[in-house]
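Here it is: the structure, laid out below.
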Amino acid sequence: MLDATPETKGETLLEVNNIEVIYNHVILVLKGVSLSVPKGGITALLGGNGAGKTTTLKAISNLLHSERGEVTKGSINYRGERVQDLAPADLVQKGVIQVMEGRHCFEHLTVEENLMTGAYTRKDGKGAIAADLEMVYDYFPRLRERRKSQAGYTSGGEQQMCAIGRALMSRPETILLDEPSMGLAPQLVEQIFGIVKSVNENEGVSFLLAEQNTNVALRFAHYGYILESGRVVMDGPAAELRENPDVKEFYLGVSDEGRKSFRDVRSYRRRKRWLS
Amino acid sequence: MPEQLLWAAEAMMNGLMAGVLYALVALGFVLIFKASGVFNYAQGVMALFAALTLVGIMDGQVPFAHLINAVFGTEIHHFGWHVPAILAIFLTGVVMVGLAIFIERFVLRHLVNQPDIILFMATIGLAYFMEGVGDLMWGSEIKTLDVGLPQGISETIDEATYNWFGYGFFIDRLDIVATIIAALLVASLTIFSQYSKQGRALRAVADDHQAALSVGISLRFIWVLVWSIAGFVALVAGMMWGAKSGVQFSLSLIALKALPVLMLGGFTSIPGAIVGGLIIGVGEKLFEFSIGPLVGGATENWFAYVLALVFLVFRPQGLFGEKIIERV
Amino acid sequence: MLYREAGDFKTTYVEDGQTFPIKFDRIAYYILLAVAFGVVPFIINDYWANAVLVPFLIYAVAAIGLNILVGYAGQVSLGTGGFMAVGAYACYKLMTSFPEVSILIHVVLAGVITAAVGVLFGLPSLRIKGFYLAVATLAAQFFLVWLFNKVPWFYNYSASGQISAPERTVFGIEVTGANTDAWAKYLVCLIFVTACAWLARNLTRGTTGRTWMAIRDMDIAAEIIGVNPLKAKLTAFAVSSFFVGIAGALFFAVYLGSVEVGEVFGINKSFLVLFMIIIGGLGSIFGSFAGAAFMVLMPVLLKNILVGGLGWPTDIAAHFELVIVGGLIVVFLILEPHGLAQLWRVAKEKLRLWPFPH
Amino acid sequence: MSAQAEEYVTEDGRKIGGVMMEMKNITLRFGGVVAIKDISFDIREGEIRAIIGPNGAGKSSMLNVISGFYNPQEGDVIFRGKKRPQMRPYKVAQQGIARTFQNIALFEGMSVLDNVMTGRLTHMKTGMFGQAMWWGKAQDEEVYNREKVEEIIDFLEIQAIRKTPVGRLPYGLKKRVELARALAAEPKLLLLDEPMAGMNVEEKEDMSRFILDVNDEFGTTIALIEHDMGVVMDLSDRVVVMDYGKKIGDGTPDEVRSNQEVIDAYLGVAHD
Amino acid sequence: DLVFPSLSYRTGPYAAGGIPFADGYADYFTLLNERDGGIGGEMAKVIECETGYNTEKGVECYESTKGEGSLIYQPLSTGITYQLIPKVTADGIALHTMGYGRTSAKNGKVFSNVFNYPANYWDGASVAINHLLDLNDGDINGKKVALVYHNSAYGKEPIRTLEELSAKHGFELTTLAVDHPGQEQKSQWLQIRREKPDYVLMWGWGVMNQVAIQEAANIRFPMENFIGVWWSGGEHDVIPAGDGANGYKAVTFHNVGSDFPVFDDVQKYVVDAGKAAGNGDQIGTAVYNRGFYAAMLAAEAARNAQEIAGKSDITAADMLKGMESLEITEERMAELGMPNFGPSFTVTCENHGGPGLGAIQQWDAAAQEWSLISDFAPSDTEIIDALVMEDSMAFAKENNIEERCN
């Protein structure tokens, strides 16, 4: 389960070179982020609140534009081809799909309609789509129960499942997952990562996931990048990161004595930063 | 008094017919709102623009003739040909598609994910713009639109009702044609939006631009598609109203008659536009017929709105609109 | 760095809460006020007063009013024209019924009456939201105009239904009627604008403003954290209509002098004022001014350039005016959806960074 | 369970008082969906009470019932010994119940400071006329409340973003601002709906510290929904477990942890 | 130069009427400049300013042009007229509201600067009723007359007069208001269809005219019993209804058609020279002729003023005097190449409205032209003068105006 390297070595699918992102023409958020996602790999993007994970993912999927943000420097290549100027829909055509942070289900559509919109770009026929719908329902039985409810009226976790399921419906080649575990019950978190892993292994889908739950993320990922204040401050194979003492203390919450209780953190403690 | 009753019935029939004409305009609003959450203020101007273009093409007018003459001192006005109605309608349809592409390219594309009110405002800017361009292209004099739609009292109905009730009902033949066209439009648009993949995509776009983008729905395509359809609906509405009152600026004001219809039927429901239109049409005609004379008449403008308002207090999303989701 | 705020530290919360926290802005503001009150009245002529400044000032009041409702409280209204008509007719009735009372008091009372009417038409906002509400407010627009047109009592039974402002003076100086001097008109409007802007600023920077904005941004959450939505929405309607009513009264009494309701306070007025606040910036007092200036000045400017400067025929110029104004609206929205006020803010932010890009 | 009525002192020296809020046989339905089925539990003065359960169990709905946003079809809410009549949410807020939301519900158009200030609305008394005049009472009140809010801002360490519009903030900070807004109300009872979703361990530690401090320093009672079992087990005094709208467990973390039904329905594996 | 500002509207809801009027107004002055070298040797200068029929823009236009030495304003909108009455009075400039505006301005004792010769709305109403009297050999007792009117100050103007006249002649009057813009008039015309009035009068403007005429045709209302005021009597009002409009009538105070010698000159000096304001295809249409006529009256007044002042370069004050003693005779009209183009009348200090003469024009759909079917005949001065007195005195009292001309 804990392979330190992606199975299929070599080919890089997605490559981000030293990008800089500015919001609203004035707010500089990413200050030169580079990363690469190998074909068939699971790559984790870690970092605290506001580090720029979401921004990085949106830059890749070209959704920044609609937030009045822009990539001002650097380049993003997918399969060696520059994709920065593509429309988001074209990128989906190419097989890159993003699951956005904060769910973003279509409120007025039913759960099932939501899932079906995921298959919007597919051309492989009704049968295949129906089969995938079944697959998603098998992954998330809760969704099957709520299939006819408007997504706006489902619980937070149900919406999260819906958003993930929707992305799976498009049969992508690369999935950008933004905080997939957020708001999900613990056993479901394990399950989601299980799904990620199995989809990755069985169908060769590559993942780039931004995740706060470092613990799980590093358990399933092959490679990790740690982002802080818009810069990559550390990267390495997941197994190595897991052993790094700083990562251990600040991201995994374990110190040499083992896991600390959340009750013991009451004394004031300054966070150590790689950058000041 | 049976006579009073007959009159009321006649007023009601005419209300139904007027309602259909309102609904034709409202339909354009609904389409765009449903498909992108944009409240398209420019719908009325689009109807005017379509009608102007239609007349211009039919009469072989030179577009921007006035401007060209002013700049180059030339004296050109007409190409000197007449285009048959059917062909002209088709060509106007093409122009409306061009307009949709233009709007997507220069306006909507840059306003993805903005709040509703901003998009609404943009359509107002658009309305100004199109009004100006329409005038520049075709001139602001009044034009007569004659695509061969029948007009005037329908004698069949007049006679039939005369034989039955001893009082001949007045029904305008134009209204009858409008009703048939509206029914066709509504039926086909409902089927399109309910049962096609694109229909689902439209509703998704209306809910959340970003999420729609993220699943690979091309906003550009959707917008061009929808604005083209709305442009076509505007052309139909412009044709009907233009036949009634000539083609000139006031045509754009019919949008105001469509708003209460929209509100009552629900911004997101295509059948709602028709039902809303009928209720408003009947309501205002009956009110004007019964109460109007007591309060000095000309009540139609506000009564439609008040009627719709009363409905809304009981159903804030209109009769058939999508329920407004309120959750935390 | 052309524009700086560094070194401008606040040591008390009072200072931090002031309208222009940055010294540079504050000084600019005082200079502007001094010029507006001390210099302009002496150099103003009829053209500048009647064609530019007076309408600008009055529209600014209306825009502030509407901005409170739309920009701060998030209740989109298209009834502004109707409410301005209420202000105008209230003022007319007061002026003709109580000629001995000062016109200034009448204008304020007209505002109060409009506020009451506004509350009445604001009641549906408790159920109806968003564009549905916007369309619903058109009911107020059409009904009010119809009412003033139909009931002769409102126009004192005059033959044509027009109302005309009789002559009234303040401290012996005529401010309404045919013989009013340009500077007097201007000053009256300026005083009202200053007072209204000050009141609006106070209301919006404190508790009331925050309740409004809370309702605007998320009404359900606002209610759950303790905002009474009924009170918040109705106060917004009341305050907004108060300003709009004052604007209507001034529009009639000081600016136009005689008014026909359907034409002057028609639906176009509602849209015009709405354009102003969206172009200027929703939820910004400064934006109300900027928007009013834009919508009043732009057409005049264009006309002067196209007809006066380039000598185009008036009709072509008028059509181009539509094209340009419409185009500019779209361009501005694309550049900055939050209006001129935000454009200005971003410009300042950039200036602060200047000459270093980030 | 009547034994719980008395006050007691926890291991780490906090005082837990009598019952503050009691939910009695609450049932909540949305059309065909039964979100809550006949659930009863109580919250005691000064305690940290966790509500856990799988997704869609009805936890958020329960908070909504407490804060008056949903009206249960059956059952009573008893607050401080008195049955609470059906009331509008803002009245509930005025009784000293504040909350945060699962799907962040900040006022996006306002700055952090203004957002937190809205939390103090229930404490503001100046009338509208006074505010319009500003100088005097309104300003004094504003300054007084601003001081209170600044204390909270300091406490939650969000000084640096005071003037930032909240729309620009990253997810985690928004959660913190929401907490600040709720705290600003100086509530008796604080309802937190997944306050730590989307945070990493370090940030969760910070949040835990804030929650414990609030509970400690102000004696605020806290009801908390959270999916991170570590947090729940460490922080809470008592835990309610819900599943499909039903209550399947209620007790101290240790009791819940070893409850087989809870393990089956929610925890999956026994957490340490 | 002699400056004649033209507050026109070539855009907006009423452009269809505004364009030909503005063209006619401009073309006449162009003709004078091109053919005669101006008026009394001074070139005429027309400053056009677009109002869009909008009061505020009208004010802007007035303020921006008044400093140019403007002699006379012709605002072409009731709203703008009311706006300008106090302003021109304060500024000492003449205002000519020909066939619109404030009717009681006819009383020159009160309205020193406002002129509305040769006819006003109340005259129009009276002329229409006189026509009905003619048709019925002087007796319309018990007849039913309906008035369809634009629901605005303009549309309401004739109501008072018609009420007085109905009391005098014993006809029954019903009024039907139509709101701006007036695209939907089903209710009004169904009511007419039910109540079967003998005659329908109309005070409409803009699209309301076309729709009303169309609806009248739809319900088969006999067109010769349908009479509009002059603002409802343009070609663009009747043409959309096609043959259905045949026989429709309108009151007018000037002649129609292009059959006047002066128009040959216009063709020669203006249109063919490429100096026409419009396309040159509007000559002879009703509203074009009205603008043309207005310009002619203004030019004549200026000529008169030049004579009185003894100089060609007159001021606004001279112009006022010229207007107050204007005399239009048949000979002068013939001299101008416009025989019988309008009535002959004189203006005096007391009477700024002329004699109130009007004629009836009728539409011939086959020939696509209007023709006069009556002579210019006077209105019922007995009733109208009383009304004018009443209204103007009220205005005088309200505004503390002392009577002039005594």
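By written order: A, B, C, D and E. Residues from 1 in each chain.
Here is the rule we use: a contact is a pair of C-beta atoms (placed from the backbone, for glycine too) under 8 Å apart; a residue touches a chain by one contact, two chains touch by 3 or more.
Just so you know, these numbers come straight off a predicted model, no measurement behind them.
Peer 1: Strictly by the touch rule at the top, which chains does subunit A share as contacts with subunit E?
Peer 2: Both-contact set = B, C.
Peer 1: What are the chains that subunit B and subunit D both touch?
Peer 2: A, C
Peer 1: Any chance you could check whether A-C or C-D wins on number of contacting C-beta pairs?
Peer 2: C-D
Peer 1: Which chain has its C-alpha centre farthest away from the C-alpha centre of subunit C?
Peer 2: If we average the C-alpha coordinates per chain, A ends up farthest from subunit C.
Peer 1: If you average the Cα atoms per chain, which one ends up farthest from subunit D?
Peer 2: E
Peer 1: Indicate the whole-number Å distance between the mean C-alpha point of subunit A and the mean C-alpha point of subunit D.
Peer 2: Their C-alpha centroids are separated by 29 Å.
Peer 1: With centres defined as the mean C-alpha position, give me the subunit D-subunit E separation in Å.
Peer 2: The computed centroid separation for subunit D versus subunit E comes out at 75 Å.
Peer 1: From the mean C-alpha coordinate of subunit A to that of subunit B, what's the distance rounded to whole Å?
Peer 2: Going by mean C-alpha positions, subunit A sits 45 Å from subunit B.
Peer 1: Taking the mean of the C-alpha atoms as each chain's centre, how many Å separate subunit B from subunit C?
Peer 2: 32
Peer 1: Residues touching two or more other chains, restricted to subunit C: which are they?
Peer 2: Within subunit C, residues 146, 149, 220-221, 224, 313, 315, 319, 322 contact more than one other chain.
Peer 1: Residue numbers in subunit A touching 2 or more other chains?
Peer 2: Residues 153 of subunit A touch two or more partner chains.
Peer 1: At which residue positions does subunit B touch at least two other chains?
Peer 2: Within subunit B, the residues that touch at least two other chains are 135, 140, 296, 298, 301, 327-328.
Peer 1: Show me, using the given definition of touch, all chain pairs that touch one another.
Peer 2: A-B, A-C, A-D, B-C, B-D, B-E, C-D, C-E
Peer 1: Which part of subunit A faces subunit C closely enough to touch in the complex?
Peer 2: The touching residues are 22, 24-26, 28.
Peer 1: In the complex, go through subunit E and note every residue touching subunit B.
Peer 2: Going through subunit E, the ones touching subunit B are 10-13, 15-16, 19, 151, 175-179, 181-184, 186-188, 190-191, 193-194, 206-207, 210-211, 214, 217-220, 236, 239-240, 244, 274, 279.
Peer 1: Where on subunit C does subunit D make contact in their complex?
Peer 2: Within the complex, subunit C contacts subunit D at residues 12-14, 16-17, 199, 202-203, 206-208, 210-211, 213-214, 216-218, 220-229, 235, 239, 283.
Peer 1: Once bound in the complex, which stretches of subunit E touch subunit C?
Peer 2: Those residues of subunit E that touch subunit C are 8, 10-11, 19, 48-50, 52, 54-57, 59-60, 63-64, 66-67, 78-79, 82-83, 85-87, 89-90, 102-104, 151-154, 156-157, 160, 179-180, 391, 398-400.
Peer 1: Within the complex, which stretch of subunit D touches subunit A?
Peer 2: Result: residues 12, 30, 33, 53-57, 60-61, 102-104, 168-173, 194, 197-206, 208-209, 212-213, 227-231, 234-235, 266-269, 271 of subunit D touch subunit A.
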